[in-house]
Amino acid sequence: MLQTVSDPKPATDSTSTRELQLSAFRFMLLARLLDDKFAALYRAGKIHGGVFLARGQEALSASIGVSLKKTDVFAPLIRDTAGRLAFGEPVLDAVRTYLGSPLGPMRGRDGNVHRGRPQEGYLPMISHLGAMISVVNGVLFARRLKKISGTVGAACIGDGATSTGAFHEALNQAAVEKLPLVLIVADNQYAYSTPTSFQFACENLADKAIGYGVESYSVDGTDLSVCLKVVGDAVAKARAGDGPQLIVAKLLRLCGHGEHDDASYVDPQLKSSPLGRDCLKVAEEFLLRQNWTDAATIAEWRGKFAREIEEAVGQVQREPAPDPFAENWLAISSEHLSETHTNHE
Amino acid sequence: MLQTVSDPKPATDSTSTRELQLSAFRFMLLARLLDDKFAALYRAGKIHGGVFLARGQEALSASIGVSLKKTDVFAPLIRDTAGRLAFGEPVLDAVRTYLGSPLGPMRGRDGNVHRGRPQEGYLPMISHLGAMISVVNGVLFARRLKKISGTVGAACIGDGATSTGAFHEALNQAAVEKLPLVLIVADNQYAYSTPTSFQFACENLADKAIGYGVESYSVDGTDLSVCLKVVGDAVAKARAGDGPQLIVAKLLRLCGHGEHDDASYVDPQLKSSPLGRDCLKVAEEFLLRQNWTDAATIAEWRGKFAREIEEAVGQVQREPAPDPFAENWLAISSEHLSETHTNHE
Amino acid sequence: MNLTYIDAIREAQAHALRDDPRVFIYGQDIGAFGGAFKATKNLAKEFPGRVLDSPISEDAMVGLAVGAAIEGMRPIIEMQFADFSTVGFNQIVNQAATLFWRTNVPCPITVRLPFGGTSGGGPFHSQCIETIYAHYPGLIVLTPATVEDAYSMLLEAVALDDPVIFCEHKFLYRHLKAEKLPSEALPIGKARIAREGRDLTIVTYSAMVHEALEAATELAPEGWEIEIVDLRSVKPLDTDTVMASVARTGKLLCVGEAWPWGGVTAEIIARVASEGYGLLDAPPQRLNAKDTPVPYHPNLWTAHRPTARAVAAAARKLLRT
Amino acid sequence: MNLTYIDAIREAQAHALRDDPRVFIYGQDIGAFGGAFKATKNLAKEFPGRVLDSPISEDAMVGLAVGAAIEGMRPIIEMQFADFSTVGFNQIVNQAATLFWRTNVPCPITVRLPFGGTSGGGPFHSQCIETIYAHYPGLIVLTPATVEDAYSMLLEAVALDDPVIFCEHKFLYRHLKAEKLPSEALPIGKARIAREGRDLTIVTYSAMVHEALEAATELAPEGWEIEIVDLRSVKPLDTDTVMASVARTGKLLCVGEAWPWGGVTAEIIARVASEGYGLLDAPPQRLNAKDTPVPYHPNLWTAHRPTARAVAAAARKLLRT
């Protein structure tokens, strides 16, 4: 059941492959620049709470985003800046959420990576690791009940989160119900500071698939080409009705857990190993080697994206902050059932 | 990693094998008779709440009990009457717990299968499926910290309980810590009324082992000889420091989920399949065929056990019931920190 | 007809399935088997593909319901026992309960919790845990005490756009009977005067309503007229009805089957003390279960939970102050 | 020395590890890394093999602790954030909390919950969930408000034979400073008069003690003398100290950072109303967080939780009744 793809296959020259790679690359670049901006804002004390970056994980994440359709379902996790953008998240949503703008999708109520638009199939994560997978199952389950076919649901998770009961229950549930779930594990060698040796004892997390009766893939997460292929294949199989697909990508987080963390615990040997390659550079070099684009064009994208980000940040910084007096402090939608009784003012 | 043992190996003639089988068989018989008695008491309205029997699971369960040492740790589940007795539980403990006697280990506070003596390594289950496994891990972990070696911990679970997050977290934890845990799954084809097809999608639950990096065994749970061999081997391996062992036994529950359940949902084809064999009969025939005992001796045991059970029940029925006025209604042991404030009388 | 409380729950679900294609039910053993308590008896057959057996995965069961709700469905989740909802707790309080506030997308799920003590139930099949749900923002917590309410409130729960924790009392399942199902009912959020009286108000809910009623009957020959408020819903709490009753009687006894620390009885007393202080002419009192796990043996169990006799004793004491 | 609250927690753990070979610590990132908040900084090095990294498995973390406690150890479990204890909830409330009552075998585990709101924490890194633990029988729930108490109460928690939920407030971690660690302390179960006054009693705990103190300072120039009771332990509750204070002041305001329904403030008011009714010369009042998830943006967050200003306003209103 396990298909290992870790060597870049000679790129087929079809325009669609090329376009897909270029498109994914652009999202990777945009994501990297956006993350850099969040890091800068964090250092400048402009962001409330933590900042969680995706450096080194853009290839995998962008591959997911570009492989999904708008009608699919996507539950990204902390390190999916690229995938979110590729799935269609406006830069503005990301900036507004980090800055707590009331105009953003989370309206200052939730922040940083906890953002999404559920009604558009883009699910905003809660913090509890593993908890989003069964929610994706639920959307897929509902679509089946509603006789809507052809939907795929993608959920992202880290190596550490595979240790949660929620991960297990949800993957098993998807397997039993044969739901079109694509579960992508970014095995980035650490969960916060904890190396994978404290997290699991199997050789490869993809080995877990057999115990659930689902298909699995192992992929080099630093290589956009293979990520695109593997994620694309898995999404296609799920869409075709072959049930849940488990993808395990090996890579290295090229930043701290959050921007407060200097990641000094990361093994230098890992950094200098192939896992430590920067997927963005790898992809860029590959595209240039293939002559699919040139340095000038990339520089132009970079400039354009940087401007787009600056504009978004500028705009959001001029937006009003949330006003607690204007806030509708109701946790339920049935206003008539809200406790009229308030013992807090 | 998967070792399948399903055909009875030609029995070796060594006295130890013979003695072990005879011993296990006696516990199976005692367990069956005890369960029959509980069923009768239930029908007579003498038991509060449910009665949960182990019919069809005695061979597997007894094999566990006789394979463990007194210094080991054992966390049985609902269908381990035989294993409990073999591990050393007095019949009186079982009867007192079902009848709620204040002289039993649970003192009328907990009942039926929720019994044990934690300080003797015999852990009393809580109802939440899967929850006892990590507790066994904890005892093993503590012994390691205390530099006590050679302990094995056995935890029992059903096919249905493999779907719980608790099962996953605990088995993974044991694997990461390489604890001497023997986890025995009684795949009895149903979780209450739910067939295994709603519970998992892998072919055999033993397939799960590879995803945890632990060793596994598949065994015909209706056959005492092979159960003894497999459980004995797994216990020996765990004791030798080879880490967690996962045993999956296939069998059929030969009763309802509880005595209130007529189990009419059980597939007749399963009942007439080899899985539907009564392990007690299989074992008895085997022992007779081997000439390791004779019908008269078995009849004698039966009589002796029946009397022992009757005596225990008689004795417990004469014991005083719990007295709420004499009860120490304190949920914590630090009496000075108990809420002196009582708002309930 | 002679309908029990569990019949009412089954009928409400049948009704909801019939009327609303968005409704489905998901839980352990609820399909062909009809559920541990038969709350879904025959429903899988009557509504093919809409009453579905789940694995023993409470966390994933609730997670799935939330996803389905986002997709516009109205799932009902049956927990086999309320006690087991603790392993689905996170999805209830952190996923379902926060969805609307965080995203403005409502989360219309109903989680049915067969709860409360029965003889021989023991520590893990008896718990009253409405408090842990009511404490979290974002949930509606219902505790019907009658066959009629079991029916109408479950129907209304499914129709609501918010997550509802539906606490149905196992002790009442086959204990209570009604002639017919109601065609109209008090809305959720309104308490009910279960018995009128002028001497003392007992505020209670679920199975304890019946213990209180029995206590009131016991006290009647002694000349006491006890008013009983059945809260029906513990979140929201109908403070107005409670306050109006206390205004009439001047005396308040709150009775709950749950553990004593925090919870419904504390919340009611705190509200009345804060806002209706002048209405009271004696200190308000509480009666709860004891602060230990729920015991197995009936002798202990009946001492652990408030009974009619204990309620009557507490009322008598309060009436004499 | 200049010790923070988090230093105190680290030192208490170092002390416990040093003095008692039965103590070990288990949690995520607590080994070489020293924990998300550095509560175990260097401890893994100082106490080899006794400060151990766990997988992200809160259920199994607590289960393991219970097993180790049965075997005579005294495990400390660090939850990375209190909010994540909801996925270990079942093992806490149904396994650890019931063990002693069911089997007479004590369960000396300490579960450390970094809890409470901080700016930008948001809905899942800010929760105050002491209530859900205090509601269950079998647990001791502690909420130290000072550096000294963080130290002495954690030491005492580890020494106790019962499961302790140790709620340490993240907002206080680096905010509070003390000169030195205490050599003696009030025992667990006793509340502390954090400030004396004769006009009104504010009963509170954890970070809110400091908001209350600030409010008292704000009210002093207006001529009001506010007494502040720091509960220290929310289960058990030191009702006597509360009652004695109310007897002196006649007025009670309970302040909590937790959600309003049920919980510490309701429990305190219910007790005072039931047992100290005559002591009050005005209706007792409560001030809690709002009944929504904890918001991310600081503007919303400071409106969501009680602040010194809000406490002062509530006190002023009550003083004028």
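A, B, C and D are the chain letters, set down in written order, and residue numbers restart from 1 in every chain.
Rule of thumb we're sticking to: a residue touches a chain if its C-beta (ideal position, glycine included) is under 8 Å from a C-beta of that chain, and two chains touch if they have at least 3 such contacts.
All values derive from a computational prediction rather than experimental measurement.
The minimum number of touch steps separating chain B from chain D is 1. Each chain's centre was taken as the mean of its CA atoms, and the one lying most distant from chain B is A. Each chain gets one centre point, the mean of its Cα atoms, and the points for chain A and chain B are 44 Å apart. Distance between chain A and chain C, defined via averaged C-alpha coordinates, is recorded as 40 Å.
Each chain gets a centre from the mean of its Cα atoms; for chain B and chain C, those two points are 36 Å apart. Mean C-alpha position of chain C lies 30 Å from that of chain D. Residue positions 106, 109-110, 114, 126-128, 163-166, 169, 172-173, 176, 198-200, 330-331, 339, 343 of chain B each touch two or more of the other chains. Shown for chain C are the residues in touch with two or more other chains, namely 54-55, 57-59, 83, 86-87, 90, 94, 97-98, 101-102, 123-124, 137-138, 235, 261, 265, 270, 274-275, 285-286, 290-293. Chain-to-chain contact here is organised exhaustively, every possible pair of chains being in touch. Taken in their complex, chain B has these residues touching chain A: 163-169, 172-173, 175-176, 178, 197-203, 207-214, 243. The part of chain C that touches chain D in the complex is made up of residues 59, 83, 86-87, 89-90, 93-94, 97-98, 101-102, 123-124, 131-132, 134-138, 235, 258-259, 261-267, 269-270, 272-275, 277-278, 280, 282-286, 290-293. For chain C in complex with chain A, the residues that touch the partner chain are 24, 49-50, 54-55, 57-73, 75, 87, 90-91, 94-95, 97-106, 137-140, 160-162, 188-189, 235-237, 239, 270-271, 274-275.
Remark: chain A residues 47-50, 100, 106, 108-112, 114, 126-129, 160-161, 163-166, 191-194, 198-200, 265, 321-325, 327, 329-331, 338-339, 342-345 touch chain D in the complex. Those residues of chain C that touch chain B in the shared complex are 28-29, 32-33, 36, 53-59, 81, 83-84, 86-87, 118-125, 260-261, 265, 285-293, 295-300, 302-304, 306, 310, 313-314.
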